[in-house]
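Two complexes follow with subunit A in common, the first pairing it with subunit B and the second with subunit C.
Up next, the complex of A and B:
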């Protein structure tokens, strides 16, 4: 096999982004995926940091934080690149790094992100007169009454109404947002007709579960054109159509830009020559195969995706290159008493430390491989949940890793 | 003033057993519990229905009691008992001489212990260590569900007029001239304090018996002894697997449905409220456990939990593992307080016998000569095949049986009617434990459901593989809609509290695939749902 310019290991947000950036730079790219990454779990909104102005807050982070290695310039470029290719794949996003946009969650709180799908952007909710929260008969996991109860605490002066539409979805089994989105992607008119039965004024908003199809913006656009009120999607329990839309948008973009995607390809180890990685070994059900590469991007994720594993206490591992993994030692530093804590969780800070080109380093700071770049959730030094940086670190480290 | 002939203090197996026994004998009885039912050792344990094998050498009286009660429980609590059988295995590091003593002890205590070849043992329990296991015996151990048994005891008691008040804490006693007149209590949610008049009060508060005694001015020798256990996400064993050696930490595995519980440690603690667990305890249990099952660490741990056995310490008696697992009944008439009894010690397997003996004494005082019938009458009627068949149209037969045993005849009928008439009520709120929305609603609207954890204990929502990742949102939402208590309305607080409860048991076992689940919990609830609320500052 002819060596690829870049091999990206991992099909989550960081891997998809890295492959897109590398391809955009004219490189011959292979993307090796195993499993579906964590996008089906995610809202699709890209959090950068839990601060009014993430770009300002990034400057004040400690030196070991991934953003400090990545730098604000790459973060900015990554955000622009992201919004740009999402738009090319017909998935419009709003936002920038200097502000936050609210979206409505499935429990009726607001969640704030720097870049959000247009279909979820709840910035204008404050200006609305009446807010309709729409349940779909037979659709599971969407509880309009609870959403209204909790939204009322944020918007005490607004009028709310719970509405229930029957779109004939009830069948022999549970219907999730994924199922509903699938149905609506082939027949958006049933939702449009249902929403039209509501007594909605121009200044009102409609909140629905995330069911505007599974691909791009076409279902939403078709429905939106028939109604004057603003329609907003919420987040939901996984699998999440809004996360899957983003995943599909990326895959569509990668396919159009010539990236070779090898699914179900489990990378078991690297092929190395001194400080150089020359390829990776992929294992499928029947055999092992070597994929030669000039540069490798490791986007295998953290504990959730198996990019970092830990069978025994205090012994986390990076299973492909056996890279040194930074972690807080001892039970008392590993986790906090509260699950939803006011401090970062130690276990979530676990990961690989790198230089400014995101190449893995050891304890003394020495670069371990010159052409291996670590991106996404396997980077150490940040609790992406606590600080709300999951998507931001993924896309900006991917951008930096692919351009370094 | 509210009145009962007997007030039973403590909603564990012993207290509930007494409530049932008294009610069946026609005595007006009321049980008060400061938390939810079986919040102490009656659920924080292995869920092992002892054959008595464990006590065959050290305490043959306890062993004999166990095997008799074991047979009774299988009969009266059929749907609470999983008759999986038990196996005792001696490892190469265990004392051979003990095996002989044990075989004789079982024989003397009336416990059938059948020797089997190692080949048979490995066939029955393929994961047993081929390196270490040297001999094996089968005994009639079984698994028993403490939660289910508790609710069935309540249902049975209610049929005979028994009453239960949960989240009702005893704060004092009303006595006149050394004679008990009533029990003073406080409602844990409203803070309201009131008195329940009674002739007799029974202190069956388990690990808390000492505190309750103090309120009445009597000294009770009870030592809370904390035991830590680990729940694995798989059924690692088919039988209850015991180490054949002198009883020690971490030497019993009990299968329950789709999980396995390993335990336990034994540590004297000052406070029975201490249900904390630590990485060190988990590590030590795993170290012992992997002597019997070498690949133990490859299984995903669901959580760890701990409870305190209420060990009875007679004046000058032993503590810890050498303390007796027997029980004691104290009539405090001898301490100058007429009408006040304490029952303490014992074990889950013999709760019925303890209750019987306690009630015999109470009834003698009351001049009631109705005999005890708790060993003959089943706790609950069985759900009819006809009702089960109706339910099977809407969910898998595995789930039907779970729901039938959880709900009992009357509630099951109601739930099936809901399933038939409202298709939306058929959705699964909890996939792991097969709980339909109809069932969740039925339990949520019960006036004993104050927080989502109360619903969890009765439905098992959140206790399975996902540990609440998917069902927490649904449970909090259904509860906020259906719950009758004002606490139900604050859905975000209930949701956080529920997940925090799960977290408590996950934290000390945060490794392997459990880490993965935790990252998922946080991604869903902190990132996608922002359950903490608030905006960036």
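Up next, the complex of A and C:
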């Protein structure tokens, strides 16, 4: 096998983004995945930080935070690149790093993100007179009455109505949002006709579960053109159509750029020559296979996806290159027993520390491999759940790692 | 690899994350199937009585998209197949199921009659025209795969090879033996060109894949025992077993062990290679014969699901590209036929719906040839698009002088 210019390990958001950026730079790229990544489980909204102006907040972060290594310039460039990739797959996104956009969650709260699918952008909800929340017969895990109850707390001056549509989805299994989106992608008119039965005007909004198809914006556009009111999608339980659309947008881009995607390919270790990585070893059911590379991007995720493991307490490991893993909060502050409190979890700061090109470093700050870049959730120094930075760190570190 | 890969032990790793559902082509095609997560890992571990049967188990095609989507290494599709075998312990097979599971038996019968292949092919033509297949429960829209006038194992004995050098044993697979012996010939030509004499072991059975997916697990186990014993014999002699059929290689390398959880299957698997996997290993060792005419064709490559599972990269694409071919992957997902699944009358529409994206891609005809390593994928592409693909080894064989 001829060496690839870049091998990306991991098919989550960070891996997809890194592969896309590298391919865009004209490099011959391989993406090795084990499992389909977390996008089908995600909303597709990209959080940078839980702050009114994420770009300002990034400037005020401590030095060990991944954003400080990445730099605001790369964050901005990443956001722009991300929106472009989505747009190429006819998936419009709104947003920028200097503000946050609200989206309606599946329980009727508002969640703020920097980059959001246009179909979820609830910025104009505040200007609407009446809000219809549409429940679809047979669609599980979507409770319009609960959404209304919660939205009323945010918008006490507005009129709400729960509407129930029967799109004949029943027959067969319990219908998820993904199933409904699939059905609507081949027959948009059933949803358009259903929504037309509501008595909505220009000043009203309709909130629906995320069922505008599984690819791009065409189902939404076809339905939107027939209705005067604004229609918004909420988040949902997985499998999540809004996340699937984003994943498909990336994969479409990678395929059209000639990136080779190798599924089921679990990387077990690197092939190294001094401070250079020359390839990675994939283990299959009976033997190993070496994929040679000039540069490797490690996007294997953190604790939740096996990018960092811990068999013995206090000894977190990075299993592929055996990189040093830091846990800055120390064993005594490892966890916060109040699981659902609004305080951070100590362990979540755990991860790999890097230089400004996102190359792994040891305790003395020495670079361990010159052509290995660490991107996404295995970076240490940030509690991405608490700060709501997972998506932003994923795409901006991927951008930086792929361009360094 | 360790015992962790035995399917029954992998179910407990399921987090119910739904990644398998998001990637299941059958779920996307129909509403009836409850999906890999519920049927495999959930029901596979949590059914406690014979009556407790998941009715939609029959919809799984064993394409293994779920296995590849799973972030936790759950052998989802194999759990489904184990469940299916449980079902058939208390339920009879239909005549159609018996037929599509036992292609090897039918092939042997045909070969015992003089002009058996000719008569069988005429019979299948009539069977299709008269709607007999449809009445039996087979997909009447399809041509049954025609028997070659001479099966590969007979053709093989006429091929002149230089003896005395390095050797491999070819696991022919039923489809190549009975229906596409030209793939077998191409395989022998390529291996000979690389200094390997190709042996045939007539003691091998069908790999058992059609039996497993049709719920004949006990029979499949007999095949597995026999084949693994034969492979281990060859392993002792230091002779690898190589097959140009990706579903056979997946069965021999991985599924025996997942299904039957005996260490000998893993030991045997270590001696089995997919054809291009083997060639790429030769290339990496510097032992590949690169005295090849430039391949100037533009090739559209449908990568079979059962190749994607094997985590061996895309060796056929790499090798053909090295000699000048322009290889584009079709990137259109599963072809839908999944072995004998698409031959069932009640699964035909699902199978065609799954394949629709691929057929559309192939019909763009912006290439010289479609290639695919899997025999049933090739049949499905031909049926769905009217364009006949070939095995990548045929392209390589033609490039050797």
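Keep this in mind: the second predicted complex is superposed on the first by the 395 of 404 C-alpha atoms of A that agree within 3 Å, B and C clash if a C-alpha of one lies under 4 Å from a C-alpha of the other, contacts with A are read in each partner's own complex, and residues count from 1 in each chain.
The working rule: a contact is a pair of C-beta atoms (placed from the backbone, for glycine too) under 8 Å apart; a residue touches a chain by one contact, two chains touch by 3 or more.
It should be emphasised that the depicted structure is a prediction, and the values quoted were computed from it without experimental measurement.
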- Query: Taking subunit A as the common reference for superposition, should the pair subunit B and subunit C be classed as clashing or as fitting?
  - Reply: fit
- Message: Taking the superposition on A as described, I'd like to know which of subunit B and subunit C A:260 touches: first, second, both or neither.
- Response: second
- Item | subunit B versus subunit C as contact partner of A:403, first or second or both or neither | neither
- Message: Taking the superposition on A as described, I'd like to know which of subunit B and subunit C A:178 touches: first, second, both or neither.
- Response: second
- After superposition on the shared chain, which partner residues are touched by A:50: those of subunit B (first), subunit C (second), both, or neither? first
- Query: Does the superposition put A:238 against subunit B (first), subunit C (second), both, or neither?
  - Reply: both
- Identify which of subunit B and subunit C touches the larger number of residues of subunit A. B
- Touching A:289 in the superposition: subunit B (first), subunit C (second), both, neither? second
- Message: Looking at A:123, would you say it contacts subunit B, subunit C, both, or neither? Reply first, second, both or neither.
- Response: neither
- Regarding the shared-chain residue A:335, is it in contact with subunit B (first), subunit C (second), both, or neither? first
- Message: Looking at A:100, would you say it contacts subunit B, subunit C, both, or neither? Reply first, second, both or neither.
- Response: first
- Message: Looking at subunit B versus subunit C in the superposed three-chain picture, what is their shortest Cα distance in Å?
- Response: 5
- Message: Need the overlap of the two footprints on subunit A, from subunit B and from subunit C, as residue ranges.
- Response: 38, 41, 174, 238, 306
- Of all residues in subunit A, those that touch subunit B in their complex: 38, 41-43, 47, 50-52, 100, 102, 105-107, 109-112, 137-138, 140-141, 143, 145-146, 149-150, 170, 174, 235-238, 240, 302-304, 306, 309-313, 331, 334-335, 337-340, 345, 347-348, 385-386, 388, 390
- Task: In the complex, go through subunit B and note every residue touching subunit A.
- Result: 278-280, 283, 297-298, 423-424, 427-428, 470, 473-474, 476-478, 480-481, 489, 491-492, 495-496, 499-500, 502-503, 507-508, 510-512, 515-516, 518-533, 535-537
- Item | subunit C residues touching subunit A - in the complex, by the definition given at the top | 1, 5, 17-19, 21-23, 27-28, 30-35, 56, 67-72, 253-254, 257, 266, 269-270, 272, 280, 284, 308-315, 318, 322, 329, 331
- Message: Using the touch definition from the top, list the residues of subunit A that touch subunit C in their complex.
- Response: 1-2, 34-38, 40-41, 169, 171-176, 178-179, 182-183, 238-239, 244, 255, 260, 262-266, 282-287, 289-291, 305-306
